[in-house]
Structure formats: structure tokens, C-alpha cells
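Got a structure for you, questions after.
All chains are identified by letter, namely A, B, C and D, in their written order; residue positions are counted from 1 within each chain.
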Amino acid sequence: MLHFDCDYMEGAHPLILERLLQTNLEQTPGYGCDIYTQRAKEKIRQVCNCPEAAVHFLVGGTQTNATVIDGLLRTYEGVLAAETGHINVHESGAIEASGHKVLTLPQTDGKVQAEDVDRYITSFYQDATYEHMVAPGMLYISFPTEYGTLYSRKELEALSETCHRHHIPLFIDGARMGYGLTAIPADVTLEDIARWSDVFYIGGTKVGALFGEAVVVTNPRLLTHFFPIIKQHGALLAKGRLLGIQFDTLFTDGLYFRIARHANDMAEKLKKGFADRHYRFFMDSPTNQQFVILNNRQKEELHRHATFETWAVIDESHSAVRFATSWATREEDVDALIELL
Amino acid sequence: MLHFDCDYMEGAHPLILERLLQTNLEQTPGYGCDIYTQRAKEKIRQVCNCPEAAVHFLVGGTQTNATVIDGLLRTYEGVLAAETGHINVHESGAIEASGHKVLTLPQTDGKVQAEDVDRYITSFYQDATYEHMVAPGMLYISFPTEYGTLYSRKELEALSETCHRHHIPLFIDGARMGYGLTAIPADVTLEDIARWSDVFYIGGTKVGALFGEAVVVTNPRLLTHFFPIIKQHGALLAKGRLLGIQFDTLFTDGLYFRIARHANDMAEKLKKGFADRHYRFFMDSPTNQQFVILNNRQKEELHRHATFETWAVIDESHSAVRFATSWATREEDVDALIELL
Amino acid sequence: MLHFDCDYMEGAHPLILERLLQTNLEQTPGYGCDIYTQRAKEKIRQVCNCPEAAVHFLVGGTQTNATVIDGLLRTYEGVLAAETGHINVHESGAIEASGHKVLTLPQTDGKVQAEDVDRYITSFYQDATYEHMVAPGMLYISFPTEYGTLYSRKELEALSETCHRHHIPLFIDGARMGYGLTAIPADVTLEDIARWSDVFYIGGTKVGALFGEAVVVTNPRLLTHFFPIIKQHGALLAKGRLLGIQFDTLFTDGLYFRIARHANDMAEKLKKGFADRHYRFFMDSPTNQQFVILNNRQKEELHRHATFETWAVIDESHSAVRFATSWATREEDVDALIELL
Amino acid sequence: MLHFDCDYMEGAHPLILERLLQTNLEQTPGYGCDIYTQRAKEKIRQVCNCPEAAVHFLVGGTQTNATVIDGLLRTYEGVLAAETGHINVHESGAIEASGHKVLTLPQTDGKVQAEDVDRYITSFYQDATYEHMVAPGMLYISFPTEYGTLYSRKELEALSETCHRHHIPLFIDGARMGYGLTAIPADVTLEDIARWSDVFYIGGTKVGALFGEAVVVTNPRLLTHFFPIIKQHGALLAKGRLLGIQFDTLFTDGLYFRIARHANDMAEKLKKGFADRHYRFFMDSPTNQQFVILNNRQKEELHRHATFETWAVIDESHSAVRFATSWATREEDVDALIELL
């Protein structure tokens, strides 16, 4: 059986496990006050070229989104997001559970446009009754998006400029950041992400770590007292060094980017395999998630030998399905899948 | 100046003030444990033909929506509502503040369709990842809607049947209930509302009272321990009898319906006035809110002599505006407004 | 039957009802944007000698406490209060419902001491693990307290100084403010309250109004965007002018203070009546609530002719009971009660 | 330097790391739908002799407490706990953040008494105003307590009986469960814990795992739909198998109990070392946390060679300090510490 269900089916990159083994019986203080966490933070500040940034390590994506958003907003504010945004769809109401409304924006290929953000905020404050409505207090986007698509340099800069013109922070969910930055058409770097956003995170769970997300607060005045907020959200790992060691390893010798590129290479190969056989795509994704349209018979047959997720029902006889590669995908599995087509 | 801004510009129906005066120095226990409140509850149970119903009096609409919804849902559930629903637009995030997501449904003229409710719930549970999403735990509709429109008997029955087939309660926001029930094309009664919904409220604030909403829980097992929930939401009036006296008065000799009908009569007259002069309508409303399309010049001129609300900008030169009548609207003001056209 | 259960058994002072009647059919905009509300705000600013203060009118006490506290605190902060404080005991968890812990302080006669506040905050920040605990973000006190007792000038000044030295705001619950300010031993004025606190409110519900609490924010920078916070808490009255008219009346010609003094006079007479007959007091209260210790037989006999609240069970044969007077208490009722003793 | 700061200074038991290594590149579905998680659940059900129990794996203690408590309570209910309980002191308000008040009970050595629970609930419902107060909806205790002390068989049974007589569930925080069950004076087993409680958890973070807490719901009807509640609390680990593998290993061949006993043995040795030298104890703990009273000079000197936590300041010249052993403590370190005394 070939598995392309998602990008978190394996454990961690072997180098990470090796480091966890080596350090296993060392004694360090808890909650991230250890040397490995300090080192990881420093390396992340460097790769982001952001010496003033505050870096925090949390465990998972939903948790990180809920904690950061709650930290950034005042009680009467909501978060702008694409209607397909992860926080609006797949987080069991974690954002609302901390009291905030997700204010939805139209999307194309999972992306929001600066014009729509501008229009939302401008018309919000033009409405005479705006104090009876939820104020847009920040913008959430994901890079890459839930559809595997990417914001271009120009788009990101425009979103950043729009947010800052309206005095709201831009938060980038980077659960798959590595896959976004190393995609062939990507024209932004981690430095750019850091420059244009106010808070973002670098996903570990889906890119080589057992778990973990590195939150980078490029303007720390926006998110003061984040430690008790993390604790209050149940997001503080007792043995914080586990996060430090993992991110220290990922950001040593460019491992994070190298393994992310591998996932994209595998996805490209798969994409070509589908394209060569004239399959249609639901979405043109340059990253590790590929969305293909299958008819029911194709889907059924493929399911005998491979696992993958049904993304959307197109019509009675067709579905969009998702094949996800990861840092751990074996080329032989990709070849075998293409063989099956 | 003629005022058609909204339906809460005056105080209360004179009979209510008279009753408040008569009883002013009587001493009664607080929090609704008085004889007037008991009487009002009994009268409401009778007019709803619902002897088992629990009746509670709250102060305002947003408060009532937030309190009832929080009382009906479990923490992981959300409330289905039209995207134009009051709880989704004009309550400053009160629903989310108590932890619940508003799950939006498409709307036509402010109304949701049973098919859309059915489709939402059915496809929700067909989605393999549904436990990562917010479960639809109830349906919220308003009667009449925020656009003044009405659900028909058939539509209401279908919504009720759909909700109950999916084991979720139907909650009806009746902030303007009187104006809905007494509209010319209305084919439902308060008994019908009580039969088809699980919880609904009869608005006083906009229909003759100083303030107050009467919540009717037709199936009290759905909403146990509502008293501390009301208190926790800051919705418990110390001098509860003020609510009791008002609703006792409104439901004596059909006052509530009589004064509601007056508002509708005034609105009909106004509507005819606009129609006779070939004005276009933004929405065909049979109740006390009339939505008319004006060009900028018309709007400006009318604003010199009358106040009304801009509802939506249609294009650069046209707006949809709202004229609201109420139980207190004087016919001479309506005539004067028509004169101005 | 004589009623001394609480101070909200009657309606409103007749002058208030008269004003409501006079203005009943006037048309004004909603939500406090009317002339009466503006006037009331101005009069309150004047009597507080606080021209820069922001004044807001809410409906009830629990609601006001929850809304102000939620507005003042950041998500990770809690509110310091006497363990007997209303917010800690009698608000059905309204403070916690908006996410904040009540941090309890020891009390004597319902009052907290500046030393205890200082000790709490100082030792909090000396604790190495303080970021794992709820930070004290403000102090809540009530004037008079739930036991009818009063802070002296010196005590209030010390509390204010302590709070400000530790950079947290002082919030005073004045649900019975009038009864506190006009008590014989009171040595503080409304100006003092305004000078020493950051936010406080002047209770109307218990002092002559049908309902309503006037929140005075003496330093408005501490509580920005309070309007949507009020709305989100369901605390925004549609016909806001009802609050404006009531407070305008109460603060015209010193009515508020005059009627409050009457309640205190009645309480003093009652107190003397009990003292002359050698009853013991549970608490020495100089305001409108008198706490007397009765044995079971006395309590039973008195209950045949009078209603009052049991406050605490002292031992098997004695209870502390509360007699509350109000602006509306008739001297003949007090005399009749004393007669009964 | 010798480290006795806490029981989470090392990584995981080597057998756990070995299993993580062996399975690292296997592909499994996420969120706990893997074979290792199923196995771990089955083993835990067996060791608890509780075939009907639902078992869930969460990441950390604060997170588990907040999620379980939110799952068990209705919105208007609070959780009874010792005033020294972890949820009341050291969780940054995580319980309140999900809307629930912690209702404090008096404690002795960190433990609550059945009589106090009974008295609280009984007098709560005797209070005529109880609907204005937060209803006690469950009891939280920790085993062992935050002071390392243990409930006896008899005490636990009494607490359980009291809770069930009052129809509220008993929840046991077992962050250090292993250290409690294997302490010399312990007279309860995991089966007893399962029989007497409604929900409890078996801590992994402090007893051999990298992280993880196993929640056992012995009466699953009490906590339905726990999956979305976990997700909403940000407590769902994407690579759920990491928890499954760890608990599968811990509950194979009694590893969990064996390593817990080691920590207790080390603590006993340390305790004897202090006692032999006539040190006084702040608390008589039979588990892995030892609380000793040191004078300032002793503390200072010891701090040159060892790390430990200051628990409480006794007076100007004495402190209570805590020495914690763990599954990983080396006997040579204990000997060296005793040597230092």
C-alpha cells in the first residue's frame, strides 16, 4: 500500500531523533529555559535576519493559531481570513472558543487579495453602525495556503502594506512554510516573510519534526506577556527543550529547507506523472500537496493500492483528491504510484 | 423633521407607562418572583397554546440571542444562521464571545431554506474530518427577518421538520415578532411559532415596551438551569416585575397585536406612496421596515426633512434606504413623508 | 406585612416616572445618542468634578461588573477582590465566563486593606513561577461593601496609592454608592471617589431608578473602545435615553443624594430601635443595610409580620438577618417594625 | 552540580526512545487512529480493569485539566478543588479562560476532605440565592497532591461516595500518578482509582515519557464528543502515534510502575538522609517530592552544589525547599547530595 494521505504520517527526520537520543539524559530546566531552546531561537532569528524578534515554540498548529490570535486581538476584535482558511474550517472552533470571530474574505485558490482586505476594512469603518459589528483586528493568511498555493512577493507586499496602512497586524500561518519557501515558483524568502509580517510561524510538525511550531514575533511590542498566554492556552510544553533540540537541528546546515525541497521534488514528479497521463487538476499547486480530479472508477481502483484524501466532490462521477508528499516520501513510492495510473 | 430611522425611537405604549405608575410603589420580590411576572408568563403560555412552556423575560435582543444560544449549545457546537442574520452581523461578536461559531447559510431576502439546512448538516457528517470542524448544534432564524420578510407556514414547517430530523433545536429571534404575525401576507400564528420552534422570543423593545424580550422555551428539557445562565450573561433584571408588568399589559386584550398591526398599516401606506410614485424597492417587505432605492439627489433632498437609515450602497448614484414605522408612528407623519416625495 | 428584603422592591422615584411620561412620545436616536443621555453625562462629570471622564450607562450591576472588568483586563490577567466581593460570590460566574479569574483577598467587614493588596502583588512578582499564575490586573472594591460598611478617606487613598504604585487600575462597584456617600460617618465625596479610582459606577437600580448604572471612567485611555465591548456583553440598551432621563433626573437638584440620605435615616432609626432593645448586631453598618442577630424564636415571630433576608447561620439557634431600607422606605413601616420587636 | 529542581528535567525512558526510533519511518494515520494508540488504550483499559473506559491521549497537564473540566461542566458550573490545587494556582487561569470558576475548598497537606465537599454542596443548595452563585459541578483532586501527599483508600472512597451522592463527577489529576501508586504507604491501585473516579489521567510527562497524559473516562457517557473538545482546546497531537507508542511502552511489562518506584526509592533515601541529620520537614511526603526546611545559610551553601526549588518562605531566616526525584534520578546524585548536608 502506498500512502499519500497527508504530510504527517512518519515520525521525525533521523537527525532529530539522533539529537534527542544524544541529549536524552541531560538535565535541563523546563519550559524552554534551556540552552537548546536558546540556540534554536538564535538560529531562527539569524535565518530570518530579524535580531529583535521574539521566538516561541509551541506544539501544534491549531494551538498556535488560537494562542497567537488571542494574544494579538482585543476582546471586541475579530480576525480576517480567507473563507477557506484553516482557522475558519478545520479547527473545531478554537478561535471562537477564545472569544473571537473569524471574519471571512473571498478567496481564489485559497488566497486573499489586498484589495479585498482594503475594501473590507474601509467599508467597515464607513458603516455608521460599525461599533455594533466585529472590528477587523488582524489578518490571517497561510503560506502556502490550504490548497498548496503561494502568495507572490508582490501579493505579500501588498497585503502587508494594506494591513499596516490600516494599523492591523499580519499573521502568517506557516504550518507548511518549508514547502512554500522551497517551491520552484516561490519568489519570497524567510527574510521577506519576517519583514512583511508581524507574527508568523515556521511549521515543524509537517516538515521534519515530531511536532512543534516556531512562532516568530517580528515586532515584540505587539505581543507582550506571551508566556502566560501560552500557558493559559495549554500550549506550554514542560520539557521545552524537546522543541529547542528539534528546531536547532532543523536550522543547522539548512536541513529544514533541504528536506522541504525533497517533498516538493517528489510532488513535482507526481504532478508530471498525472499531467503526462492527461489527468485534470483541481488546483495548480507548486508545493507538496497535489489536487487531482479522478472519476469514480479511477478513484476506486487507485484506492486499492494507495491511500489519499478526498478533498471535494465535483459531481456525481468525479472527485478532487489530494496526494501529499513530505520530507519522508520515498521516490520509489512516487514511481510506484505513477506506475499505477 | 420626520423620523423613520428605526422602530425604537419612542418610549412605551401609554398603557404600559400607566401600569408602571399604578404599581410603582408596590413592594415585590426581585428577579421575576413577583405576581406580575407570573401573570405575564401565564398569558403568554395561553396565547401560544403551550401550557408546558417555560417563559423567561430578558432585557434586550443581543443579550437574549447570546444567552439562549449559549444555553442550547455544547461548547464544541455552533449555530447555523443566514449570513445576513443579526447574530452574524450586528452583535459585536456576542455569540463568539461565549465561545460559539456562527455557521453561515446562504440567504434569499434574509431567509434560509430547509434544503440548505439539510444540505449543510448532511454534508457535514459525510465529511471524514467532521470532528475537526464546528458541529451545527442549532438553527437560528428571525421572524420577520432583518429585511422585514416573512417565512411562510410551509417554509417554517419545513425548517422545523429538517431541524428535528437532524436532532437540533430551532430558535426563532422574534425581536419584531408582532410586526411579522400581523403582516397582511402572514399565514402563521404565535401557536404555529410555538409548535414548530423549540425556543423563540417575543420582542417587546421594538413593539410597545420600554424594553424586554419574552423567551418561550416550548420544550423546557432543552434548556435546563436557565436562571444561572441568564444571571451569568448579565441578563437578569433586578426589578424583574418591570418586565412582567410590561408583558402583562401587552398580552391583555390583544394590545401587542393591535399596536403591531398599526405599524404595518403605516408601512403599507408608505409603501403604496413610494410605489405610486414609481420608486423601486430593494426588497419587497410586508412588515414595518420598507427598503427603497433612492438616487443621491432624492436621498439628499429627503434627508432635509426626514431621517432614515442608509441600508446599502447600490452603485455610485443609488442607495437602498430603510424607512421603519412602529407602534407609535403617527399617520400624519406618514402622510407628510409621502407628500415630500 | 412589612418588607425589608432588599433595596429594589419598589419601582422608581416618582420624579423619574414623571420625566419618562413627559418624554414618552418624543423620538430620539437609540443607544445613548440622545440629548437626555448627553445631559446626564454632563451632570455626572460636573458632580464628580471630572470634566475629562467618559460616562456610560448600563442596565444592571452584574452586567456592569463583567463588562468593565473584561474591558480593563488583558486575557491573562485576573481581578483582585475581597473574598466576600459581589463578583466572587453572587454573579453566577459572570467574571469567569468572560475568561478572568477572581483573585481573592482576605477581608474584614467586607473591606480589603491596602497592605494586603500590596503584599499580594509584591509576593506575586517575587514568586519565580509567577508567569504560571494569574497576574493581578486590577483591584475591585465596593463602596459601600456587601456588608454595608464604608472605606474611610484614608483607606481609599491608601488603596488608590497602592494600586497606582503597582500600575493596576482601581475599580469601585457603587451599586449602592448613594447610601455610602450620605452615611453619617462617610468622609468621602463623589469627587474623592473619582479622584482615587480609575473606573467606578453610580448605582441607579438600588437608589431611585427603575434600573441603570452610570459608569464613570476617570481615565478614558484605560478603557478604549468600550462601546463594542458593552454591545458584546449584551449590555447596550436600545432605548438608551431611558437611562439618560433617569440619571438626568437623579442628578438634578441633588435628588440622588437626598433620597439616599432618607434610606440611611430610616436605617439609623431601625438600628437604634434594635440597639435600644439590646439586640446584637452581626456587623456595624452605617448604611441602608442592617445586620442583626436573632434567635430562632425571634426570627420566626418577626417573619409573621415582616420579610427580611437570612444572611448567615450563626449557630443552631441564631441567625444573622438583614433588614434593608431604600429611598422608598416609609417611616411608618420602620416604626411598625420597631413596634414589633 | 546536582539537579533536583523538578521531575521533568530529562528526556524519556530509553525504551521509549528505542521504540520511537524503531517505528520512526512507518506511516500511520494521524490524530490517534493508529495501531500503537489502539494498543496503548487497550493496555490501559486492562491495567485499570475497566473494559468500558474511553482512553484519550493529550500532551500536557494544564491542557488536560482545562480540556477535561470544560468537557465535564455545563457553562454555569464550576469545579471544586483544594485552594492549593494545581488548577487554582499554577495554570495561568486556563480553567477560567474556558469560562469556569474554581471553587476552593480548605486543604490539609494538599488534600480535601469528604466532609468539606459535602458541606460545600449541602450548604450551597440550602442558600436561598444559590442560583446567583456558581454551582459545584465536579470535584478535582490530585493524586498524589501538589505536596506529594496521598489520599488513603478510605479517603478516596469517601470522596467518591460524596460526589456521587451529590451527582457530580470526581476527576483525578494524576500528573504524578505513578509516584503515588508506588509509594510505600499507598493503599490504592489503578483499579481503585478507576473504580472511584469518573475521569482521571495517568501522567507520562513526569513519569518516563517525553510528554503525554492518558485520560481515562471510566463512564464515557459523562464526556461525549470529547474529540472535537480536545481539538478545540488545541490539545490534539497531529502525530498521535507518538503518544500511543510512549504509553504502549510504559504499560508493557509494568515499566511505568517500575520506574516510578525507583523515583520513590531515591526520595526515601534522600528523606532518610535529611532526617538522620535532624532537618525538619515542611510536609511529610511519601512520594518523589520532599519538602525540607532550611535556614538561609544552609540554603545558600547547598545552592552552590545543587539546584532545587524554593517552595515557601517560612520566616526571615527559613525557607521550605523542594527536592524532586524522578524515574531518571541517579543514586550517585542522591548520595552526593546527602554527602553535602
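Going forward, contacts are C-beta pairs under 8 Å (C-beta built on N, C-alpha and C of every residue); 3 or more make two chains touch, one makes a residue touch a chain.
Only a predicted model underlies this, so the values are computations on that prediction, with no experimental measurement involved.
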Check A-C against A-D and say which one is joined by more contacting C-beta pairs.
A-D
Quick one: point me to the chain whose Cα centre is farthest from that of chain A.
C
Based only on mean CA positions, could you tell me how far chain A sits from chain C in angstrom?
49
Distance in whole angstrom between the CA centres of chain C and chain D is 42
How big is the gap, in whole Å, between where the Cα atoms of chain A centre and where those of chain D centre?
33
Residues of chain A touching at least two other chains:
75-76, 91-93, 97-99, 131-132, 134, 228-229, 231-232
In the complex, chain D touches chain A at residues 3, 5-6, 8-12, 14, 17, 20-21, 23-30, 59-64, 66-67, 91-94, 97-98, 205-206, 210-211, 228-229, 231-239, 242, 328
Sort out for me which residues of chain A touch chain B in the complex.
75-76, 78, 89-93, 96-102, 128-129, 131-134, 309-310
Please output the residues of chain A touching chain C within their complex, sorted ascending.
70-71, 74-76, 98-99, 131-132, 134-135, 225, 227-229, 231-232
